[in-house]
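First chain A sits with chain B, and in the next complex the same chain sits with chain C.
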Partner chain A sequence: MVGFLLALPPMVVLFFLILLPAFEAVKFSLGLVPEDNVAYASGLNVIRSNGPTLEVFEKLFASPFFQQNVRLTFFVSIVSVLILLVVAYVLALYARFGKGRLPSIIRTLYLVPMFIPTIIASYALIVFFGDNGLLEALLSRFGVPYQTIIRQDWGIIMGQVWASIPFAVLMLSSGLDAISDDHIEAAKDCGASFATILWRILIPLNIVPALIVATFTFIGVFGSFTVPYMLGPTVPQMLGVSMQVNFTAFRQPQTAVAIAVFSFAVCAVAGYIYVVATTRQNRSQQ
Partner chain B sequence: MKRYLILGGLGLLLGAGAQNAPVTLNFYSSGDVNVRDLWEKSLIPMFERQNPNIKINLVFSASSAAGATVDRMAAAVKANRPSGVDLLEGPVLDAADAGLLEKLDVRKVPRLFLVETNALERLKYFGLPYRGSSVVLAYDSNKVKNPPRTLEALIAWIEANPGQFTYNAPDAGGSGRAFVTRVLRIGINPQDSTLFETGYDPAKQNQWDRGLEILKRIGPKLYQGGQYSRNNAETLQFLARGAITMGPVWSDQALSNLKQGLLPQHIKLIQLTPPFYGGSAYVGVSKDSSNKAAGYTFLNWLMGSEAQSVVTEQMNGYPGIKLINMPADVRQKFGSIAKSYSFEFSSKFGSDMVRLWYEKVAGTPQPQR
Partner chain C sequence: MNYTWFLHSKPLRNSLTLILVLGFGAFLLLPLLTLVLWAFADRWFYPALTPQEYSLKWWGWIVGRNEIVKAAYWSITTAPTVTLLSALICLPAAYAFSRYEFPLKRVFYVSLLAANAFPKLGLFIAIAAFFFGLGLVNTFWGVVLVQLINTLVLMTWIPAASFSAVPRELEEAARDAGASPLRVFFTVTLPIAMPGILVAGILTFLAAFDEAQGTLVVGTPNITTLPVLMYSLVNSYPEPVGAVFSILLATPSVILLILSRRILLSGYLAAGFKGG
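Moving on to the complex of A and B:
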């Protein structure tokens, strides 16, 4: 009973600040407009209906502009996750198995992005990699032509990977630390190369942290705003930016909310994978 | 100039004669910090020095909170109580529409006859436009000797000089928005022009099709094969470092940048015919003010050459009075750009314009890299 009472305040907050608004948003996107909510009811191109309708979503998915935005969002999210996994794995392995001063320096350096707000980091990336940036100025000294990726899809990916590195490496290295040296020594004694150890022992034993990194990063990147807003092209836009533009500049709150509902559905799938992965991990530890 | 001085002196006498006991005017204003500085540090101290009988109490709010002042005035009128607002800057049109402001005429504010008529008519004579700015075309005079002076000539120039022009997305800043608005006007019937500025009717939006098509066509001819600038400031930065040769800019921003050396001197500004849009900042007198005479004195003083010089110097804004009444150096400063300007679309038409621009102009694949 005491436990329930202690858990009650966060449950109440969760209910009123998250579940209830989310439910309202779903209703609004299905054409049930709350007429007493001025911010919702006064929007342009609002679809009103007496019963739930999928008209808002049909209109949304028929729009080539939205299709492009969805393609970009999936492309950036998936590619960011893949690149991040490779980069973070390399860093985590180096931190785990490297000897001497350099690995300990690396261990500090990969945490740096955690302490820099993404908006500042994005600005720094623009100043360094952008048009007429430091890198271009440097390269032009040697007559090397330079074409920036800032304001393009790859610019967003660069920003996302940079911002996600600390969490990914921390997660992966804690998994790698949990793998006992005995396994690895035993494999070495049998003459296994490092590649074999990595492929047959480290990656399989570390699969759950890797899945957690993948799902969390996917969800984070999919719904991100700052990095695509700063580093992405004017068009197409990632869904986070598109929601904001729909809400303010186009004055279409219903469309913005429908995009949010769609994003939520996609992220819920990723969340499901995460839940399955962690319950499996808990079970295997029991 | 002489004629103006005599009239100015006359106005000052008229105003001063009406005042005996010292009064305090509550002036509700809103805007960015530069507007606040203009009032607090320059105009109000100047006015109080010259009019010891009138004190101005400035109540300043951020732009977004300005609507609350009008709500408050309306509520006070409804409850039959004084609102405590004597002068209002900001949502003057809203307040006028709600019947909260006093209509101005030459008997109340003698210097009203110095003001551009169309700026006064825009607010049905309920507000005094004391400063303005508009979007103009900036160009690099080292590279272009004869800049385009009409929209048609500008579009032809953009197509003939790929990569040398760009503008910002219409939701990201007024300069790009003014360019898009000007191009969309190509297809608008003259008799519907006012509707687009003040009303809303989605059925009329097919009149934009011609303009949208033109914008789409020139897309690949923009900076780097189709890159839009991020905002007003970036267009200026592109111009400053020679990345583009021409672009739409805000007159006051560009003039400030020229003054500070952020824009090189060979960047020149001109206005097209018909012009890009612009706007004025208005001050109105509250209907329930008990010191209207003092309020009119203040407005009249505001249109004097001294106050107007502060506006042009400090804000790099256009003077509220007709340019011909300003000193020669001010006339020269604004000569080629401070013609009359056109008006923006209404806010709902504006929202749809932005959406259609994304969907039909930028929302189609652009050449990447």
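Moving on to the complex of A and C:
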């Protein structure tokens, strides 16, 4: 009981700072407007109703801007996860199995983005990869034409991958480290090639860390603001940017909150897939 | 036709690896290097590869700016407050997770990740809307609370792991020698767990200090911290201003993270995800 009481304070904070606001957001997006909340009541285009209504969402889904934004957000989130998984897996494998000085350099190098706040990283990517940036200057020396991806969808993906590398490689590496050398040696003795070992042993045994990386990166990118704000196009916007603009500049808190609730729903599905996949994996191992 | 023939030649394979490693290093480091060059540039016109003239004038310019002094004030008041508050809330919980069995323990432990299970900006918008009703928007405490969210998991998981790493025999020996439980905690358990707690404190401080998104949504327009100021600085001033500001802002992170790197690498992060 002592333990329960000691562990309670962070739970209370989570309740008041996450669950309750999320619950209030769902209510607000369903047209239930608390009149004592000045920000809600004084917002523009507020839809009020006595019972729950889907009117806010119907209006939202009918907006072509929102549809474009959703498409961009899904595209960026999914492609970022896929590229990050491939890059991080290659790095983790190399750091685990490579021999010599290079792998040890990699083991330090991949941590660098952890030291740099995202907003600074985004700015650094702009001055290097952007229009008239250093990369373009370098390439022009060799007469190579250059078309920047900054301020485009691929610019956001690049920023997300850059910033997510440390977490992804750390997770995948810790999983790979847990796979014993005996296992791999045994397979080698039987004449298995590296591709077979990778496909039949390493990837299956390391599936849970990979799923953690995929889920957390997807959710992180889906709800991001800094990277798409700095590196993405002005139109369409990712949902994080769109929420912020609706909330502050457009003074449409209900629209912003409805987009937030939509993003909760999408990420809940991602979380659910992760939970189902990991429990199935745990069951099949028993 | 087999396209992988070159993989069977060792020199070719080695040089391919080297190219890939160099490419990766360039992708990570060259943008940062460009930023450092910009911070010391007076004039740097495209397509020169390095600045035409170097100077420190932007450093002097930036230090005296009124808005920056104000933002620095908010940054160095909010981040330590968040760290202390987070320690008060989470350290007892960390000890409980390490030493006691209680109902819902596993659920509590995992639910600390809740903040990461939500799309961040959606959560911040929901919080800002909720804070409006409580009069917390645009206030010091509103910003402290929104920054607190990201720190709970760090401040609980890492100290919990270091409490668990304290050898029980030492505590029992102290008890046998007649020390009270409180005395054992403060003279044996706490000192041994201290490095982990310090790392948690450093990471918590940095998480709060570098937090920009939630602070932007909840704190605008009055409580503008340094990272939030960066959003407007990079759009309204020439490159050296953003670059100098970036270096000033990144310096605390780099110093503190290098100091704590050894302990970080010992796998707290991954251990936490696996459930301690």
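Methods note: the second predicted complex is superposed on the first by the 273 of 286 C-alpha atoms of A that agree within 3 Å, B and C clash if a C-alpha of one lies under 4 Å from a C-alpha of the other, contacts with A are read in each partner's own complex, and residues count from 1 in each chain.
Simple rule for what comes next: contacts are C-beta pairs under 8 Å (C-beta built on N, C-alpha and C of every residue); 3 or more make two chains touch, one makes a residue touch a chain.
Only a predicted model underlies this, so the values are computations on that prediction, with no experimental measurement involved.
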Quiz item: Once the shared chain is lined up, is A:132 touching chain B (first), chain C (second), both, or neither of them?
Solution: both
Quiz item: Once the shared chain is lined up, is A:1 touching chain B (first), chain C (second), both, or neither of them?
Solution: second
Quiz item: Which holds for A:267: it touches chain B only (first), chain C only (second), both, or neither?
Solution: second
Self-check item: First (chain B), second (chain C), both or neither touched by A:191
Solution: neither
Practice problem: Please work out whether A:51 is in contact with chain B alone, chain C alone, both, or neither, and reply first, second, both or neither. | Solution: neither
Practice problem: Please indicate which partner A:64 is in contact with in the superposed arrangement: first for chain B, second for chain C, both, or neither. | Solution: first
Practice problem: Using the superposition described at the top, determine whether chain B or chain C touches more residues of chain A. | Solution: C
Practice problem: Please work out whether A:147 is in contact with chain B alone, chain C alone, both, or neither, and reply first, second, both or neither. | Solution: first
Quiz item: In the superposed arrangement, what residues of chain A touch both chain B and chain C?
Solution: 132, 248
Quiz item: Where on chain B is chain A touching in the complex?
Solution: 169, 171, 227-228, 241, 243, 348, 351-352, 354-355, 358-359, 362-366, 368-369
Quiz item: In the complex of these two chains, what residues of chain A are touching chain C?
Solution: 1-11, 13-14, 17-22, 24-25, 28, 34, 36-40, 91, 94, 98, 102, 105-106, 109-121, 123-129, 132-138, 140-141, 162, 165, 167, 170-171, 173-175, 209, 212, 216, 219-220, 222-226, 229-230, 239-240, 243-244, 247-248, 253, 256-257, 259-261, 263-264, 266-267, 271
Quiz item: In their complex, what parts of chain A are in touch with chain B?
Solution: 44, 63-65, 68, 131-132, 147, 151-153, 233-236, 245, 248-252
Self-check item: For the chain C and chain A complex, residues of the former touching the latter
Solution: 17-18, 21, 24-25, 27-32, 34-35, 37-38, 46-49, 89-90, 92-93, 95-97, 99-105, 108, 111-112, 114-123, 125-133, 137, 145-146, 148-149, 152, 156, 210, 212-213, 216-217, 220, 227, 230-231, 234, 239, 242-243, 246, 249-250, 253-254, 257-258, 261, 267, 269-271, 273
